[in-house]
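Both complexes shown next keep chain A, but they swap its partner, so chain B is in the first and chain C is in the second.
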Partner chain A sequence: MKELKAYTGDFDPNLRLEDLSKEVLVNLLREYARLGLLLEAQLNSLISQKFGVEAATDINLKARLVVEPIEMKTIKEILGIPGNDVVSMIKTMQWIPDGPLNGDIFQLHYDIKNNNHVIMTVTKCKSMEYYERHGDEKGMKNLCEVLEPPIFNAICQAINPDMKMRPLKLPPRKSKDDICCQWEIKIEPKT
Partner chain B sequence: MKDLQDYSGRFDPHVELQDFSKDALVRLVTAAGKLYMGLDGLWVASMRQKFGDRTAFDYDKEIWRTGTLLELRRVTEAFNIKGNDVAAVFKFLQVDPGFGVWFELEFDLRNGNYGIMTVTRCNPLLMFERNKDRDLQKMVCEEIEVPMFQVVAEYFNPDMKATALKLPPRKGEDDIACQWEFKIEPKV
Partner chain C sequence: MKDLEEYSGKYAPDIKYQDFSKDALARLLNAYSKEMALLSAFWYNAVKERCGEEQAFACEVKVWEDIGAPEINWTREALNIQGNDLNAFAKLIEMGGAFARDIYDSTFDFKSPNHVVFTITKCPSLAYLERHNEKERIAKLCQILEPASMRAYAAAVNPDIIITPLKLPPRDGWDEKGWCGLCCQWELKIEPNK
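== the complex of A and B ==
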């Protein structure tokens, strides 16, 4: 089996992903994560310019409410992650392409109270930093208050329909040393 | 370094991509490529519902004009793909997240200045066929892919031309999806 560290050599028509070294596969995954978010940002920006932020948010929300559960179920299956509790959910969420997989974009801290109760703190969020840098409070509000809560709940409910995620703290931040946001994730059986 | 085949064990807040086995990483790369393109399909579907086909298609074209350049820059950097011949283009297309990672391709590289790429299996085309969505198929294959392959060709060499030799619709399930010629033609 080859272990290509780069693709500087001859073109190989039969090259497979398996021929790449782990290092290259890791870089590739990080780039995929970044490309997905850039594509999303580009779409939001184009639709916002022509139809307004609300229309862009609506389109993005509709698409992501479908794609996020698919992402979660796909990643859970290919990584063989068992269970349907909160810890199973955060194990899965660590590897979704538009999640914390690329530490340059998002950094998260988890406080595991028990398997069904976790506090998740986002300590770095490039998307939020973008809105801070541009002084775009409306854009930030749309992302953090309109888009993320239902998307996070869809992510949770892909693993367990009784799982809920609610924000404990949302932007704007008081300072650059402040956390970006904080969420409580719990299993709350319907009564 | 760990060599996790999967993530069935305990939650590890410090686990990194490097801790997974190559096999697990290959599965993740393939899934990420599919999800990357799947999100685009869902945006287009939402846009069609809200603003109609023409607006949705025009926006998708606009997004891919920028998106293709981002893919080119980031993927060639990640793989250190250099050169200005057809081989360099084929190397990029093999590992592009929205393309070679999950499409089935055949390459016939005659020399550095000439090659033919055949897409023998294209998952979006299978979906368009299944849904009998000829409008979306025409938009993707003719309005996005034709200029996109030219952008890819020119990124590597301004004298390179990408020409569609065959485009959908297919005659039958055994037919190829599409076929493209890449040729370097110095300006006279």
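== the complex of A and C ==
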């Protein structure tokens, strides 16, 4: 198996991803993840300019409620993550392109009470910090109160329809040393 | 460095991409690439539902024109692909995130270093639209969006690349012309004196 550190030389029509070194594959993964985020950001910004923030939020929500569950199911399958409890969900969420492993956009801490009950604390969130820096409370409210709760629930329910994520603490925060937000994730079978 | 084939054990808070095998990383890359195609398609649907088809298509074209340069530049960085000739263009398209390698199939026929025929032989988007008889959408995607996007990607590699569509859908009568198995075909040229 080749271990290419760079793609120099001639175009190779038979080059496989596995021919690249692990370091290069990781670089490429970060590039693909960044590209997905850029695509979403460009669309959001374009729609906001043309039709306003409310329309952009509504469109963003509709699109992500479809895409995120597909993404979760795909990643769970390709990484062979077993189970459908809360811990399986957080293991899957580690690898989504807009998740915590992509650069330094988010930092998360999980307090695992048991396999079906986890407290997720977001200690760094560049998106929220952007709105905070610009004093844009409406933008922050759209992101943290309108978009994220239903999207997080769709992410959970892609793994288990009985899984729910509830906000315990949402922005605005009192100081920059404070956490960004906190969520309780639980399996709650329908009665 | 670990070489995990899958993530079946306990939750690992400090796990990194590097802990996986190359095969697992390649699977993740394909998944990320597919996600981009899905994002674009579902955003288009949501914009269309709220603002109408014309606006949705205008946004789709603008975004794919704008994303060409960052995608080319980031792929260059990730793989250290040098140069601005057609060899570099072919390598950058082959490895770029938007051209998911297990979704699309293509060939680059190098007539000379400055003349290439690029043929797409598998395009599930086109196959889907043909199955649903969406002729108007095919015409817009293949005859307006794709040429605009191809030009943006080519210009990001080298503004002197001239890209000309040779065959674009709809594919009515293509079999009779002997164009079986083609989805679209493009000619890329760099004039040597430029």
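By definition in this document, the second predicted complex is superposed on the first by the 187 of 191 C-alpha atoms of A that agree within 3 Å, B and C clash if a C-alpha of one lies under 4 Å from a C-alpha of the other, contacts with A are read in each partner's own complex, and residues count from 1 in each chain.
Operating definition for what follows: contacts are C-beta pairs under 8 Å (C-beta built on N, C-alpha and C of every residue); 3 or more make two chains touch, one makes a residue touch a chain.
Note that this is a predicted model, so its numbers are computed, not measured.
Engineer: Overlaying on chain A: chain B and chain C, fit or clash?
Structural biologist: Clash - chain B and chain C, as placed by superposing on chain A, overlap.
Engineer: Using the touch definition from the top, say if A:36 reaches chain B (first), chain C (second), both or neither.
Structural biologist: In the superposition, A:36 touches chain B and chain C alike.
Engineer: Touch check for A:24: first (chain B), second (chain C), both, or neither?
Structural biologist: both
Engineer: Applying the touch criterion given at the start, work out whether A:82 contacts chain B, chain C, both or neither, answering first, second, both or neither.
Structural biologist: After superposing on A, A:82 lies in contact with both chain B and chain C.
Engineer: After lining up the shared chain so the two structures overlap, which partner does A:168 touch, if you call chain B first and chain C second: first, second, both or neither?
Structural biologist: In the superposition, A:168 touches no partner, neither chain B nor chain C.
Engineer: Under the contact definition given at the top, report the residues of chain A touching chain B in one complex and chain C in the other.
Structural biologist: 6-8, 10-11, 13, 15, 17-18, 22-36, 38-40, 42-43, 46-47, 51, 55, 58-60, 62-63, 66-67, 70-71, 74-75, 78-82, 87, 90-91, 94-95, 97, 101, 109-110, 112
Engineer: Provide the residue numbers of chain A that touch chain B in the complex, in ascending order.
Structural biologist: Within the complex, chain A touches chain B at residues 6-8, 10-11, 13, 15, 17-18, 21-36, 38-40, 42-43, 46-47, 51, 55, 58-60, 62-64, 66-67, 70-71, 74-75, 78-82, 87, 90-91, 94-98, 101, 109-110, 112.
Engineer: Which residues of chain A touch chain C in the complex?
Structural biologist: 1, 5-8, 10-13, 15-18, 20, 22-36, 38-40, 42-43, 46-47, 50-51, 55, 58-60, 62-63, 66-67, 70-71, 74-75, 78-82, 87, 90-91, 94-95, 97, 101, 109-110, 112
Engineer: Quick one: in the complex, what on chain C touches chain A?
Structural biologist: Counting only chain C, the residues touching chain A are 1, 5-8, 11, 13, 15-18, 20, 22-36, 38-40, 42-43, 45-47, 49-51, 55, 59, 62-63, 66-67, 70-71, 74-75, 77-82, 87, 90-91, 94-95, 97-98, 101, 107-108, 110.
Engineer: Note which residues of chain B are touching chain A in the complex, please.
Structural biologist: Residue list for chain B touching chain A: 5-8, 11, 13, 15, 17-18, 22-36, 38-40, 42-43, 45-47, 49-51, 59, 62-63, 66-67, 70-71, 74-75, 78-82, 87-88, 90-91, 94-95, 97, 101, 106-109.
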